[in-house]
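Shared between the two complexes below is chain A, which has chain B as its partner in the first and chain C in the second.
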Partner chain A sequence: MRAVIGGYAIRIERRADVRWWQTALASVLAILVSLFLVGIAFVRVGADPLEVYREIVNYAFLSQFGLPQTINRATYVLLAAFAIIVPLRAGLWNIGMPGQIFAGTLAAFGVAYAFGAKTASATELPGALVVPLMLVAALAAGAVYGAIAGFLRGRFQVNEIVTTMMLNWAMLWIVAHMIREGGPFMGRTAEGEGFTLPTSLRVPQAFGLPVTVYATVILALLLTWFLAKTTLGYRIRTFGESPRAAEYAGIDATRVSTLVFALGGLFAGFAGFHYFLGVPGVYKIPKNYGDLGDFSFYGLITGLIARNNPIAAIPVAILFGGVSGGARFMQGKLRLAFGIDYALLGVLMIMMVAFQALAQFSLRIERAATVAATQVERGESRVESPHH
Partner chain B sequence: MSNLLIISLAAAAVFAIAALGELLEQRAGILNVGLEGVMLLSGTFGFIAAKTSGSYLEGFLVALLTGALVGLLHGFFSITLGSNQVVNGMAIWILGFGLTTYIGYPYTGPLGLQPFPTIAGFPVFFLVALVLAASLWFLLYKTHLGLKLRSVGENPSVAEASGVSVTAMRYLAVVLAGALVGLGGAVYSLVYNPVWSYNYLQGWGFIALALVFFSLWNPFLIVAGAVFFGFLWQLSLYPELLFPNVFSRYIWRAMPFLITIVVFVILSTRWFRLRWGATKPEALGVPYQRES
Partner chain C sequence: MTRALPESRAGRVVLEARGITKRFGSVVANDRIDLTVRAGELHAILGENGAGKTTLMRILFGELQPDEGEIYLDGQRVRFRSPRDALRHGIGMVHQERKLIPAHTALENIVLGHPRTKAILDLREAEREIEALCARYGFRIPLHAKVWQLSEGEKQIVEIVKELYHGARILILDEPTSVLSPPEIVKLLESLTKMAKEDFAVIPFITHKLPVVLEYCDRVTILRRGRVVAEMETRHATEQTLAAAMVGRDVVLQVERVEVPVGEPVVRVSDLWVRDDRGLFAVQGLSFEVRAGEILGLAGVAGNGQEPLAEALAGLRPVERGSILLDGVDITHAPVLERWRRGLGYVPTERREVGSIPSFSLVDNVLLNYHFEPEFSRWGVLATGRARELTERIIAEYSVVAAGPEALAKSLSGGNLQKVILGRVLSRHPRFLIACLPTHGLDVGAAEFVQRKLLDAKRAGTAVLLISEDLDEILALSDRIAAIYEGQFTGVVPASEATKELIGELMAGLRRERV
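Take a look at the complex of A and B:
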């Protein structure tokens, strides 16, 4: 596209290849523009947005109460991002994190329930035995619930976006069945929430954080190694780049898609284990579990911004874990409507996509004199394919 | 029982109208997986407009306009910028979910207008859906414009060579489709269940998307599928009408979603997949770049 304005020509062209720093810059710009746009909500109630963001940073990253909360939320987001990243490496979309998270969470609470955690007093239960069992149950249930979508995709070409979403909503109601109106996991006192874990069955802490936080960092490293260095990781990538080529190379579509979704679900199950069994003050399936499930969609944008790289996802998850928590804090302080963090999520997502798309174009302003020359050149090279 | 059937048709209208919109744009080669987001945005803005003005007409107009604009936005990403349509659709969905959660929250609660009129108890919008299905079928298969719309979804470069502007046709499709999906969202939030709450749409946009995949791009099969899902949904709300005392009411609520998956699997026979592959718009989801 070319437009001439007053002796200067503006040319917009599709870049042949987009450099990594161009995508990184696009992501940073997207985040800044989104924060600016969401700032409008603060201006509307008469607050100074810069002041609000300063308070958000102070609360989320510098305060004694806010920082652990930020880290815990970031861990949850990061694990949800892994749940997106692994299938996306194979070109498949897993938006079933909420469902897989609660599959894992229910399984973990199920083990606790089987050991009588709902009734027994805290001291009677051998945590060293039961907690690992709960962890295994959470990972297995998340993986199995995830694998359903992957298997159906591989075996029957059923659209995985629809399946994972259907599984989310089904799980939402299954959780309701378990914790509400006399459901087996219903808490003894409060109506509509799950029973609280006895002290001995909670995820142990180290240096003021649940050990699941440290485990997640190790998982990021392991996942990077797995995706980059192992044969399976290579197969997943090959399949993602071209399912047909992968087929010729003898890679089984059903196995790959089941595997990536099982692995994604495993991470999601671990996210549930971390948040609902490890974060101080939670230790149960709370009333607003649906809201917390939807919070995992921050993992989607984290995975996309990190360009499917588990290590790059760490700072992004910390940023979003902090900003979303801080925004909730300010929401209460400024008496804003519920969901300012979700508004940010929505704006971020659309801005990210917009900026990533725009990064594929170059904009050049030239003196009209040079335009004539380039036009000749353009006229000669008309060999591009209609399909990008 | 007859009540159950009638209200099922009211639910079916929502599924059908939204899915017909998606069908239209898919026929022109544009895949929007963010139906849920379009419906949330138009349903919420329509709800707010109707609630504050007290007028259904205003609510529907706002919803149609919102849908068309969101369709245009998705179109801009998918047609002009030519980026991955699945990612664009995801973005539309998350945008819809995020923005409406915040913007709609102060309007939580019932619409507070007289219930939308019916024809002797029969849901008006089911008739609208039938008319829309017939019109869409006529437009796509019996008119020159329809041929042009379909041609850009099958083979854009051939269409372009024969003088059809792929860009213009696809923009027309996304705007019309957006308005239709927006209407579907408004039928949900203003007529079928006029109460705003967090994430009130409950995945209906995704069920409508699934319907398009089931339908082999046939508008009448969409309506039939919509009736099935409408019935299923109502049954899940009032299971005691057919199956008293089986499962808790929450497990029933999970049923429509699980059954959607089961239907997917049952339909995935070799025969269906071959038919599906043959009917699928050849260029669905493929960005097109004109040779300049």
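Take a look at the complex of A and C:
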């Protein structure tokens, strides 16, 4: 595309490949632009944007209470991001994080329930035995629940977006059924919450954080290695780049799509395990479980912004984990209008996705006189490149 | 109704280009090119991919402006601002890719965009004129058929007629023979010759198909690396001289078939029925065998069942009925990987869609045929070092021009990419090789290389099924030739008895041998 303004021409072209620093720069610019835009809104409601942002950063990243919260939320978002990244590497969309998260969570609580955690909360249960079992149950349930959509996609070409969305609804109602008044997982106070885990069955902590946080960082490295270096990772990437070439190479479409959704579901199940069994003050399926399900969709945005790179997803997840908690705190502290925290998050997401899209293009300004030559250069390379 | 022709100008220079130079950055795509085209002649422009043909073509019909040099039409200096401007001066262009609207009829497509077309179409008058135009040059197209129903050859004719109807007197054609069957090629060139006789100048740009140039064109200008390296009358030329000028060295045009003692049958196909994507039987009861050390050439016009047959053999398309035996083992319904393990090799038609992944490195592309082998996947981890070594070996052995094994496949030219694909497949020493259009779109040098490698494979005892639309290639390489038409063999002929005419007629469905 080209536009001529005065003696100059602006040319916009799709970049052949986008480098990692261009992506990173785009994200930083997106953050700055968002802060500026939302800043206008803050001024309109009579707040000083700089003070607002200082409060958010102070709370989310510098306070003793806020920082662990940021990290725990970021871990949750990051795992949800892995749940979307793996299928997306195979060209498939997993929108089923909430369903898979709660499949894992329910399974973990189911194991605790089977060991009598609900009634015997006072007695000491063998955590060293039960917690690993709960972990395996959470991973397996998430994986199986995810695999349903993958198998249907691979075998019968059922649209995976539709399936995972529907599976979300099904699972949210199952959760509602389990924790309702009189439901098997009902909490003792019966106020629409699940029962609280006894201390022996909670995820152990290390340096003030649940160990699942450290495990997630290791998972980011492992997942990167898995996708880049293993045979299965290769097959996933091949299928994602070109299903027809994958078929030529003997890569089974049903197996790959089932595998990626099972893996995605596994990460989602782990997200549930981390948040509902590991975060201090939670240790149960809380009343606002639906909101937490929605919160996993930040994983989707994170995956897209990180361009399917598990390690690049870490800073993005920390940003969303921090801003979501910090903005809520700031809103209360400065007594600002309800929903302004969501406005900030929403603008951030839109800008980051938009800047990622824009980073695919290069923009050049040049003297209009040279335009005729450059315009044809573009056409030439399409048909016959003189370089080869 | 018919346009009055000026008195014959045959032999007069109608189009002249002098010193055309065009640079793209540091690359000189056209370097002081001179071209003289006379009325009444078919003047071919010959050159390999990247020789500067496309650039010259675009300059001649106004899509590009030259950096230096002038263009003269009937002795007048002209400067085209756009393709439309060029057409106003009587220069028409028929591209390789079609620019027609599939849902409209041929007639509507031809009329579309004509200056006389007003808000209300008077198609009847236009139809009379167009019919007269077609009759005069022997073009036969169903004017009222929708374009999507037409064959590739017919679509091309629609575009030619469209250019004529819009007033073209000089017609530039980009690779006009690339999509046609031999009889269609003959028909088209006869019509073009007839047109040329009526004072047109026809300028086909051609990469391959040297025989066509020699047989039908009057004059040829040969480009290499952006320069004119030769200009001659075709009656003074031979295929050898043309190819040597194009490539810059002596080229063996038709690699010689090698006689190898033919072994036992490797592949046995009997009564094979395969459906295409629309659910129709594209392969209808084919039976054949291919022996070790034998090349069976499958000659046919595109779309007569070759693709579904190859895909069924490779395991990419289900077999409805019949059987495929590979070394006596029934693989009719075997998964793809089992076939590869049993010694199948497959070079698909679509190099960039199926045979390779453009965004992958060459190493990862080589792995397409190796990721399932234990030596390349230890404990589920890819043996990248080994894959890299293999890729380097292929690059060296096949003289692939690439930045290295980590170069992306999309950075390679078609010929180099095909070498990588072929090298990768042949490095598995297949028992049975299916090669689909292995030299299609390749320049002379690369095509020769690929053909040699196919013969090497045959010499090594591989049974080869060569699927090609290039009859010369089939005739040169095959030991036996099967002609396919609408999913059935119209004949299977030993190479010693095959002539171009016979196979041409068989593949056009005009005659049928007992199979």
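Convention: the second predicted complex is superposed on the first by the 335 of 388 C-alpha atoms of A that agree within 3 Å, B and C clash if a C-alpha of one lies under 4 Å from a C-alpha of the other, contacts with A are read in each partner's own complex, and residues count from 1 in each chain.
Operating definition for what follows: contacts are C-beta pairs under 8 Å (C-beta built on N, C-alpha and C of every residue); 3 or more make two chains touch, one makes a residue touch a chain.
The shown structure was predicted, so the numbers you read here are calculated from the model rather than taken from an experiment.
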- Task: Would you check which partner chain A:205 touches, where first means chain B only, second means chain C only, and both and neither mean what they say?
- Result: neither
- Answer with first, second, both or neither: which of chain B and chain C does A:22 touch in the superposed model? neither
- So, A:173: does it touch chain B (first), chain C (second), both, or neither? first
- Task: Look at A:230 in the shared chain and tell me whether it touches chain B only, chain C only, both, or neither; answer first, second, both or neither.
- Result: second
- Can A:249 be said to touch chain B (first), chain C (second), both, or neither? second
- Applying the touch criterion given at the start, work out whether A:95 contacts chain B, chain C, both or neither, answering first, second, both or neither. first
- Note on the structure: Winner on chain A touched-residue count between chain B and chain C: chain B
- Report for A:63: first if it touches chain B alone, second if chain C alone, otherwise both or neither. neither
- So, does A:345 touch the first partner chain B, the second partner chain C, both, or neither? first
- Note on the structure: The shared contact residues of chain A with chain B and chain C are 384, 386-388
- Task: Show which residues of chain B lie in contact with chain A when the two form their complex.
- Result: 33, 36, 73, 77, 81-83, 86-88, 90-92, 94-99, 101-103, 105-106, 156-157, 160, 198-199, 202-203, 206-207, 209-210, 213, 248, 250-251, 253-254, 257-258, 260-261, 264-265, 268, 273, 286-292
- Message: Residue numbers of chain A touching chain C in their complex, please.
- Response: 229-232, 234-235, 237-238, 241-242, 244-245, 247-252, 372-373, 376-377, 379-381, 383-388
- Note on the structure: Listed in rising order, chain C residues that touch chain A in their complex are 24-25, 27, 29, 49-50, 52-55, 58, 63-65, 67, 226, 314-316, 335-337, 340, 346, 348, 350, 353-357, 359-360, 364, 367-369, 371-372, 377, 380-382, 384, 401, 412-413, 416
- Message: With touch defined as at the start, can you tell me which chain A residues reach chain B in the complex?
- Response: 1, 14, 41, 93, 95, 148, 152, 156-159, 161-163, 165-174, 176-177, 180-181, 183, 290-291, 294, 297, 300-301, 304, 337-340, 342-347, 349-350, 352-354, 356-358, 360-361, 378, 382, 384, 386-388
